[in-house]
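Both complexes below contain subunit A, partnered by subunit B and then by subunit C.
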Partner chain A sequence: MAKLKQDKSHEMGLHEEQLKGRTQQRFFSIDESENLTYFHSFDVDTSKSATIDAQDMTPREINREIRELMEKGIGDITVDNPMSRHGVGVGILNRLNLTFSDSLGYFGCGLIDGPNVHIKGRVGWSCAENMMAGTVVIDGNAGSTFGAAIRGGDLVCKGSVGARTGIDQKGGTIIVGGKTGAFSGFMMQRGRMIILGDAGMNLGDSMYDGTIYVGGEVEELGVDCVPGEMTELDIRYLTEKLGNYDMKAPNGIEKMQKYVSGKTLWNYDNLEPNEKKLIL
Partner chain B sequence: MSNKEEEFVVGADGLDTDREKDIGQHIGYRYDVNLVPDLKFITPFLQKYIDKMGWKDLNWLEDVHMGYEEDQAAVFDRNINGWVTIPDSIKLPDNQQERDMIARELLIKFQMSENHPMVDLNNAYRKF
Partner chain C sequence: MCGIAGIIHKNAGKDVNIGEQMTAMLQALKHRGPDSTGYAMYGEDNGNHIVRFKVAEAADLEGSFDIHAAIEDRIAAVVSRMEDLGAKIVKKENATEYSHRYEIQFSGDMKKLADFVEDIEGVEILSIGNSLELIKDLGDAAEVSEQYGLNSFNGTHGIGHTRMATESDVDIRSAHPYWAYPFSDVSVVHNGQLTNYWTNRRALELKGHRFSSNCDSELIAVYIADRMNQGQDLESAMKDSVEYLDGVFTYLVATRDQLGMAKDVMAAKPMVVYEGDDMIALASEEVAIRTLFDHRIETFDPYHGEVKVWQN
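Coming up: the complex of A and B.
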């Protein structure tokens, strides 16, 4: 490589050195004050409650109102008449008890980190997508891509859900009280899925890691999804988890089937690129 | 680190399958990412945290495990996409469940600290 003129190249942001990732060191004391919430979150009191009548409000207005109530320290919010609007209850990075008295539309409660949400109705596509932490409980049924790319927390649908449940799941626990559609657990990378009813075709297709528990029948397993061995710890975990949401496996937890990744699709070692070059 | 753990993490080469032996590289994590938590090992600090958040179990912390950054015990912080290393002064038990609880407690203390990088990012980029 021709030597670049230092002063000019640096002005333009060009460098000759090998590019590396940036590292940063931060230090903290494990004995410092025991703060239990994010530094930037609102300090809310869950004994203070408020109700929003969303009948004539846009989704943006509903979300703004929830935020303003949190700023005032209110920790228990009920939204009446959500009218199946899309994209409400999103981006809440706070501890909060939030109740929707009826159904939500698409992308409800997405990108949340901390709140406990109860939806007394049904939800449309992609409920709680990219959820980070907290709980979302839906009394009715849910649409497709339920909990898409979820990273953490408990997402519970007491009814049945559509196809591609937990697509690209990277953590957290998805619980379905009824049936789940085709391609549930597609490209799952981590976390747990608990299906109490039947599962549609291609369950766990191309799953990389994570665990799926099924209480009913599985129509067909996807590529690289294989049965796993149920342990005593699994049974104890499922008993506690389902008990938290007053749910029961129809045939008993002991009879549930566990599915894991066969890991035959794990192809990312350092020799593989060279092998591919040889073949091509 | 305890002796047993050191043997497991640092001493072993992690080459089990034929493929791993061919390439001389361990494939996958160096801990069980699918291990579900055993709540009998929960620490008082974690109990206080989940009570404050209004949860009945560890919630998102179920996916937090004690891992290893090079040869140092560490916990992965998803909020900064980096590892938080465990100081040598902390003696770690051999039981993975107990180690995971220590990792969870340390991670919460770091994330809720004023020194966490998210505090700077929040000040710099928060729009509303």
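Coming up: the complex of A and C.
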């Protein structure tokens, strides 16, 4: 069991409240769909395929080529030789099967809403930042700020990731097959994070809401993050979610630890945006 | 922002063209810092000490009518002072009017020699070593490499830097790498900001260390030198530095036969590592490492507070 962080702020009495794990009993639907379709998105046919050789292309040229292929209705695109370039595969707002045959650099697949992306390599910092829906699966490792501010979809790294994974996460699911670095789940607001390996220091620091599952050791919990109680629903959810990506918890799902926010912010609730619209 | 890169070949001889490899990596990092580019590369040790020094800034050549005569006077003074302390100059080269490379035979106190030479106005020693060649100038890697003929430099390892000036001026003095004065063959490159620079600089100056610039990165070189002066090995000194230095940083250190990397406790600055059987390559971005390969590679990000040292 990870220990709660006890630092100077505790000694000074700035964190006197009892952290109770207010959100651990929140129920969610396993079948919930967070995908959206935009009015202006491309109508593509996933049985139509095309390949781009990006060896000598700039990121802008690669992104433009992807867009032009989607305009032609092609729904299955493979990008060869992306050569770890930055900002590739961004801003895709519709269904698309997109495969990168090698590693991407920083900000790969950011601002996407709908595509299913497979990266057969590694990704740099801030992969899938602000992702709204779809799936991004990375075969290798990932850099820091993996899945920063994502709002939906599944972001999966089969290897290990750097620091600040899921910083400002607002929804969706982040799955990490290996380790994650310091400050993962920092200021997490909603969604779920599944770490199958170890987690670095200050896990879930300042999280408002959301759920973090860890299969390995936690170096240290951050302020406001507390252990939660694993329920049948959690186990069903993890079994189904990991099964989707052919991933397994090294010590079994039952032995995973759940972490949630232990503090209520005075102006924060856990209503989803569409639920908020109903009551406003 | 700045970009840093390093490479070390573990099992090869000294005939790998690391100049070309470093240039390729640093040019790929140009977008992280276009102001200046620097190399610290380690080649053949022929028994002589290699002294790299500058006698003016590149910008000085445009700002004064008397600068050319002053440069001549400074070079004469350098030669005179080296010879006064018993150094025998066996080879003189210069890529520019202001940047010089001397090979010397010298068995005396290296710190005294460095201090005596640097006492000449406008003269700064960039490095002293038996295998270290430290080159830095304004411009990108392609320009600096072309200017100094680095694309055919053979050796075992090297580190480099592309600088975006944020804390100090755009000049050679503030460019990286920094030599860990007065330690032969020790150099440092850094990406980040150190927030306890002035406090620690004053403390180290009181201990007799010299700073040639106002760039916070120089603190790392001087700190490592101070620790090694107290008998610490490189890895131990680097581990201590992670606690000692406050701020966000990733830095690389190279010695005659080692390459080290350290990352701050917040893991706030990037570093990507490729660790192969024969070669290790590190850079702020994988896009730099990929310039060395025509196939897919496995890389990873080091974690917070992590220190790694590789031997060639």
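Worth a mention:
Just so it is clear, the second predicted complex is superposed on the first by the 226 of 280 C-alpha atoms of A that agree within 3 Å, B and C clash if a C-alpha of one lies under 4 Å from a C-alpha of the other, contacts with A are read in each partner's own complex, and residues count from 1 in each chain.
In this section, contacts are C-beta pairs under 8 Å (C-beta built on N, C-alpha and C of every residue); 3 or more make two chains touch, one makes a residue touch a chain.
As the structure is a computational prediction, the values presented were derived from the model and not from experiment.
Residue contacts after overlaying the shared chain place A:V260 against subunit B, while subunit C stays out of touching range. In the superposed model, A:K248 makes contact with neither subunit B nor subunit C. Put subunit B and subunit C next to each other and count what each touches on subunit A; the higher total goes to B. Look at A:H118: by the touch rule set out above, it reaches neither subunit B nor subunit C.
By the document's definition of touching, of the two partners only subunit B reaches A:D154; subunit C does not. In the superposed model, A:M201 lies in contact with subunit C only, and not with subunit B. By the touch criterion defined above, A:R190 lies against subunit B but remains apart from subunit C after alignment on the C-alpha atoms of chain A. By the document's definition of touching, of the two partners only subunit B reaches A:G171; subunit C does not.
Contacts from subunit C toward subunit A in the complex involve residues 265-268, 270, 272, 285-287, 289-290, 296-301, 303-304. Chain contact summary for the complex, subunit B toward subunit A: residues 19, 22-23, 25, 27-28, 33-39, 45, 48-49, 52-57, 59-60, 62-63, 78, 82, 87, 106, 108-119, 122, 126, 128.
On the subunit A side of its complex with subunit C, the touching residues are 83-86, 101-103, 105-106, 120-122, 124-125, 140-144, 159-164, 179, 181-183, 200-201. Residues 24, 26-28, 30, 32, 34-40, 46, 67, 95, 97, 114, 116, 132-135, 151-154, 171-173, 190-192, 209-211, 233-234, 236-237, 240-241, 244, 260, 263, 266, 268-271 of subunit A touch subunit B in their complex.
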